[in-house]
Amino acid sequence: MCLGIPGQILDITDAAQKLATVDVSGVRRQVNIACIVDEEHPVESCVGDWVLVHVGFAMNRIDPEEAQITLDLLAEMAEVHESLAPI
Amino acid sequence: MTLSIDKPTSKKPPRLRDKTITLAHGSGGRAMQDLIEALFVQAFQEGPANALEDQARIPLDELTAQGDRLAFTTDSFVVDPIIFPGGDIGTLAVNGTVNDLAVSGAIPRYLTCAMILEEGLPMQTLRQVVASMAAAAKQAGVAIVTGDTKVVPRGGADKIFINTAGIGVMRTGVTPAAVHIQPGDVVLVNGPIGNHGATIMVARGELSLETDLQSDCQPLNGLVDAIVSVCPEVKAMRDATRGGLATVLNEFAESARVGIRLIEDQIPVDDAVKGLCELLGLDPLYLANEGKLVVVVPPEQAEEVLAAMRSHPSGTQSQIIGQVTEGQWVSLKTAFGTERVIDRLVDDQLPRIC
Amino acid sequence: MKYVQEFRDPQKAQGLLQQIEVLGQQLTQSRPGPIKIMEVCGGHTHSIFKYGLESLLPSTVELVHGPGCPVCIMPKGRLDDAIALAQNPNVILATFGDVMRVPGSKQSLLQAKAEGADIRMVYSPLDALAIAQKHPDREIVFFAIGFETTAPSTALTVLQAERQGIKNFSLFCNHVLVVPALEALLSNPDLQLDGFIGPGHVSMVIGARPYQVIAQRYRKPVTISGFEPLDILQSLWMVLRQLAEGRCEVENQYARLVQEQGNLVALEAMAKVFTVREQFEWRGLGDIPASGFKMHPDYAHFDAEAKFTLPHRQVADHKACACGEILKGVKKPWECKVFGTGCTPEHPIGACMVSSEGACAAYYKYGRAQTAPELVSR
Amino acid sequence: MTLSIDKPTSKKPPRLRDKTITLAHGSGGRAMQDLIEALFVQAFQEGPANALEDQARIPLDELTAQGDRLAFTTDSFVVDPIIFPGGDIGTLAVNGTVNDLAVSGAIPRYLTCAMILEEGLPMQTLRQVVASMAAAAKQAGVAIVTGDTKVVPRGGADKIFINTAGIGVMRTGVTPAAVHIQPGDVVLVNGPIGNHGATIMVARGELSLETDLQSDCQPLNGLVDAIVSVCPEVKAMRDATRGGLATVLNEFAESARVGIRLIEDQIPVDDAVKGLCELLGLDPLYLANEGKLVVVVPPEQAEEVLAAMRSHPSGTQSQIIGQVTEGQWVSLKTAFGTERVIDRLVDDQLPRIC
Amino acid sequence: MKYVQEFRDPQKAQGLLQQIEVLGQQLTQSRPGPIKIMEVCGGHTHSIFKYGLESLLPSTVELVHGPGCPVCIMPKGRLDDAIALAQNPNVILATFGDVMRVPGSKQSLLQAKAEGADIRMVYSPLDALAIAQKHPDREIVFFAIGFETTAPSTALTVLQAERQGIKNFSLFCNHVLVVPALEALLSNPDLQLDGFIGPGHVSMVIGARPYQVIAQRYRKPVTISGFEPLDILQSLWMVLRQLAEGRCEVENQYARLVQEQGNLVALEAMAKVFTVREQFEWRGLGDIPASGFKMHPDYAHFDAEAKFTLPHRQVADHKACACGEILKGVKKPWECKVFGTGCTPEHPIGACMVSSEGACAAYYKYGRAQTAPELVSR
Amino acid sequence: MCLGIPGQILDITDAAQKLATVDVSGVRRQVNIACIVDEEHPVESCVGDWVLVHVGFAMNRIDPEEAQITLDLLAEMAEVHESLAPI
């Protein structure tokens, strides 16, 4: 359920209404960014952020560090596997 | 009443003063004749000189000089919106029928143009569409030789529908047909898929999306010439329009009672098409194309055909995308290394969101 | 595509697959049958079929496709209500494409539309609100479906309608909740599941905490998972690892998006606009207590169920349909008597055949060639 | 996607379970394929055996055996109501194109069938129309060999629009064309005029009128055979559809730069058509026909042609209605002994009442 | 066709034509120029052209085509009003086909319809009332045009609407009256007419009496005439005979339908529903006192001019247009500078080119070959 | 102006509303006959009458005797003409 896709915020189109343009691999749409705005992240600061887009809303910010940790772990597991594989 | 469009007339065409299409323009009366003479005859005058009759007349020996069979096809065009990035309904109407002729191995020659217009259509829109048709016909080297104009009351149609029928001459000895496909044959496509379908979906505006995508609408007869000249034994060709690449391949598999195995990594898809598909839960394999050709050739000729396709302007991004197998399924070797079935859809894809 | 492509790299799967194989063998040595892990979410089911993940798994590990497709579990009666709303000549019904083909008791929304009902497909509830602003003389009803991922968007849209004073907009609210459904499944004595792959996008809203009940009360390990193939394989491995280590915890594979506490703005919007229903009917599963949202009394003026008279009939599922057992993981699609014969995507009998996230549709579309070619007449 | 209709298939056709047309039937997917196979292929299977390709393929030597030129024509049919006394849109769609081919002196051979359907159309209506097309094609001796199906959203079209394109072979030496008309030539018509136009006007129901009139819709190729066999020198033929007899004669006069003088007393008009015209202030000369042919022949052959026409079932009420003159006007010797001009109308006739 | 065919028998015309020739010669012996007889009614104009009657007349007798086409004399401003009504999205405007092509100041009803206005062509005002019953949620306005022949039908329709309590029906009343228009013509010093062929169908309603003013005050003979060619020729002969005998009377050639007192039911209905306007604008002729009907105050609730706000702008006629002089019989159509060039049935400048009863359209359609081929570019 | 055409009343469809079917050379339509009904001519008596039809109303009854008088006069004038015509 709940198709979500990462996109990057290009610009703020309406700060009061918390509306921004998001880009998903060359497809642009106006989305509501209310869910990712808080004291630490004022509207203007969101430009450039990667978010998860769902039904016209940016539902959460993607944490690049956590993503990297996951990828590193997978790379490590793959390497271990490589080294174990029969030559 | 049908007017042959290529009236050999010395008198100067009437001036079209109307700003919109009214029912009068479909009445069979003077308003219709003026429309036809001022607009269609002027735009499509490239055809052979026929009298003002209800049908075009074409010497058969002119046709037998080019081949031994006639290819005959028809398509109606109802695209919405009628004007979109990369073309309009007129461009589509010519290229669609040119392509249906070309993929049979025929040399497309003559087209008809039958328009159903909605009362209230701006004359300027019609002019633009007709100009697109004329330009597309010129590019494809075909003549639009006869036509028909109907006007229906406002609300009785959606702006413009166009039907084009076409005839072409099939080269002697060239007979591509799905039934000829055999296990081992190689499947090629002439470039990235889904651009037309994605463009139209975005152009409707209902999804409030924006892209820089354009329709891939183009005539394919030149590309077919290039293919046939290196490979007259071409097994099958088809333009992957409604239903997309997946549907054509399923039709092939079903007709020839074979399987087809595609390699996902080799199927060209533009980034924005991928983005749209991810956003809306769609599969680019089922998106419509209007300038994409699926070709099946014997394996030993695949590389030569690929080279020929890539050196034609309509095929620079051509790819070998798979191979014919025993069996009965169209399947895909995914980029993840697994295999899945590519079935026919019942229906158009709907956005899958929640 | 950043944050997508990296998680589809088949090279990186090899280590995971090997670990899964090792763990599967280890876990099944002392028990009959394979380890059964349910992916709750239809999005996961879709990915599993799209990437052919089942074909990569050892016979010791089996995936069970859960009830997490909001379309598949929508009961016929609610669809009939939506169709009745759409047939009101003054109403425009707006909804997502997902639900258009689902058969109600007589027809689907798509058929009702063909017969004249004004039904608009939208990408966002905000687009439905825009239709309301464009047609002030019509009543626009948004047929709201989806789990907790989607519910906040609907709630935020209602809050915006309230701010803008839009009066011709209302919700036909059919939002459903994941954890109560899982609890209902887990209370079923038939069920033989060893663990869960938890829904990543729902969790992005509700956080990881609500799954504690599964781990603690029902003693099943849960791993919240992303939707790319590597995410799913990693999560599967994480569940198996918990099993192997005798742990029952809620783990989070999808840390790039899911935080422990969820999304506070989203939770607050839902809490304002919605309130939990005493019970909600799930197709195939029957009434489940506290498993859906209705409009909060403060927002009753946006409630289509209050604004319009609806048939509200309960309609029994087709008796041949094994959807319920499939959603519970008791049967596989091809074990349904009508799979691929009476029930096809063209003429679906059950909802699982409609949504491409439904287990039956997914098997029909992607899985037949491998799993059950003999069942399907071409 | 276009499907050639005459798929040589051994498997039994799918069952059509849908009661109405939905967008799925135009999607290119399985619902569309089932519709085509269950309905169109079954109804139109008289054609030559082609593979399931996007175009029909016709051996050229089969055509050259019958004549030396190809006639090629198209018409779209948008009649409202789609079913009316004496026929339906399907009957019209076949006969209209058969007739446009026949009047060129061609032997009509192959037709296309392109349908634009409105979402929500009852399947039963479509079945009836398709059956009418099949019956009309059989009667006219033509094969419907390729087609196209589009479905547009409810409100995007008015129930059914059909386009048919047609090809026929023009007999060597027979070249009717308006430009051949000369002063002295004789003008004939094959029976009472205006019945189709009058029938449709009444069938719309808006005028709350009732008659026993029927459309004259019929194929004219048999009648043309009869004419051509006694008079291969036939100067011109045209079916008097939209715009009626007056419009065809004006087209003739304009093309050949001649005048034409009609004799009112000799133009056959049925009583109820006269009554309708008196009631609404219309002129039967401008009412549409769908089975009426205007023929121009050299004066010395007029009687022989008349006799040949009258002995054909489609021409029992044929009449000589006038003669070609010098000058530039189509004129009418009225029953009152005077003369008046019969000009082209700008537009459809509107009722003139107050 | 009984009562039609007999009056179209060319054999019976020979005696009349000979008498007309004799009388014409006799009457013009002692004066310059031909005898000029105006057929008032557009229906007569239509018949004269349809049967080519002018070509049968001697040069001593000339027919002048009068202002008796209710479409030709409709001023642009009233058409603009009708179009404005039709453009109101809640209004369906119903009217006769006759008026659909008449150019207003910007467009015709046909063009307004093409651009989306809901305009329905009807055969009878009763059909407009039926539309009102079928669409209770819309306002149906009947654009009522016509002389006294048509006005009773409209009046009877309003009375029926009243009886049936139909509230969404109203008239945009543009009925006009024959005799006041003739009086206006006759007061014009330019005018050189010797007599009148009177309108048969108007007279069937109003009777023969109202024409006495023409015969008595203006000293012109009048013959009320039927519409078949023999009717018209006989009437012409009767007028010439009066002139020859020095009489100025109202004679009735159309006794099979016209009685002295007219039709009492029709007169009563008109008297109830309508009242005479102080003045009404006639295209080409300007304001004419007491020459049209408006709704009687008792029936104000059926008056579209009261129910809706209308632009009510007076719009000057095109300055090249000679319609006024043609309607007065001062000019022939081909004497208008733009006849057949700037003004054609395709793109009419004046109203006389629109209705096939208009003198310009009739000449264009039927008369050109004989009268003025050199004026018309093909 | 005012196109009118003779037609014959076939039957009464609604006596209260004064509606009848009229036939014009094979074309039938319901018309209102209020204008031709009076004490001398009750509704039912109108069947068979010839009337002048205009915009859905029977506007007047056609008087067959008056029609004949006109035709006789025309015939007489034509005869006189015949007899005077050069042989």
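A, B, C, D, E and F label the chains in the order they appear, each numbered from 1.
Throughout what follows, a contact is a pair of C-beta atoms (placed from the backbone, for glycine too) under 8 Å apart; a residue touches a chain by one contact, two chains touch by 3 or more.
No experiment lies behind these values; they were computed from the predicted model shown.
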Listed by label, which chains are in contact with subunit B and with subunit E?
D
Just how many steps, at minimum, does a route from subunit A to subunit F need if it may pass only between touching chains?
3
By count of C-beta pairs in contact, what is the leading chain pair?
B-D
Could you check if the interface between copies subunit B and subunit D is built from the same residues on both sides, meaning over half shared, or from different ones?
same
Comparing centres built from CA atoms, which chain ends up most distant from subunit E?
A
Of all chains, the one whose CA centroid lies most distant from that of subunit C is F
Would you mind reporting the rotation angle for the C-alpha fit of subunit C onto subunit E, rounded to the nearest 5 degrees?
180
Dist(centroid_CA(subunit A), centroid_CA(subunit C)) in Å evaluates to 22
Measuring from the mean C-alpha position of subunit B to the mean C-alpha position of subunit D, what distance in angstrom results?
28
Roughly how far is subunit A from subunit B, centre to centre by C-alpha average, rounded to an integer in Å?
39
From the C-alpha centre of subunit C to that of subunit F, how far is it in Å?
77
Got the subunit B residues that touch at least 2 other chains?
22-24, 30-31, 207-209, 271, 274-275, 278, 280-281, 345-347, 352-354
Shared-interface residues of subunit A (touching two or more other chains) are 1-3, 5, 24-25, 29, 54-56
Subunit C residues counted as touching two or more neighbouring chains
1, 4, 13, 70, 96, 123-124, 127, 146, 149-150, 346, 357
All pairs of touching chains, each written as two labels joined by a dash
A-B, A-C, B-C, B-D, B-E, C-D, D-E, D-F, E-F
Subunit B to subunit D touching residues, read off their complex:
1-2, 22-24, 26-33, 51-61, 63-64, 67-78, 80, 100-101, 103-104, 106, 110, 112-116, 145-148, 150, 152, 155-158, 161, 163, 165, 167, 169-170, 177-179, 238-239, 241-244, 247-248, 251, 255, 288, 344-348
Quick check: in the complex, which residue numbers of subunit A touch subunit C?
1-6, 8, 17, 24-25, 29, 32, 34-38, 50, 52, 54-57, 59-60, 62-64, 66-67, 69-71, 73-82, 84-85
Provide the residue numbers of subunit F that touch subunit D in the complex, in ascending order.
1-3, 5, 24-30, 53-55
Which stretch or stretches of subunit C touch subunit A in the complex?
1-4, 6-7, 11-16, 18-19, 41-43, 68-70, 96, 123-127, 146-147, 149-150, 152-153, 156, 160, 199, 201-202, 204-205, 227, 230-231, 234, 253, 255-259, 263-266, 269, 357
List of subunit C residues in touch with subunit D within their complex
110-111, 113-116, 346-347
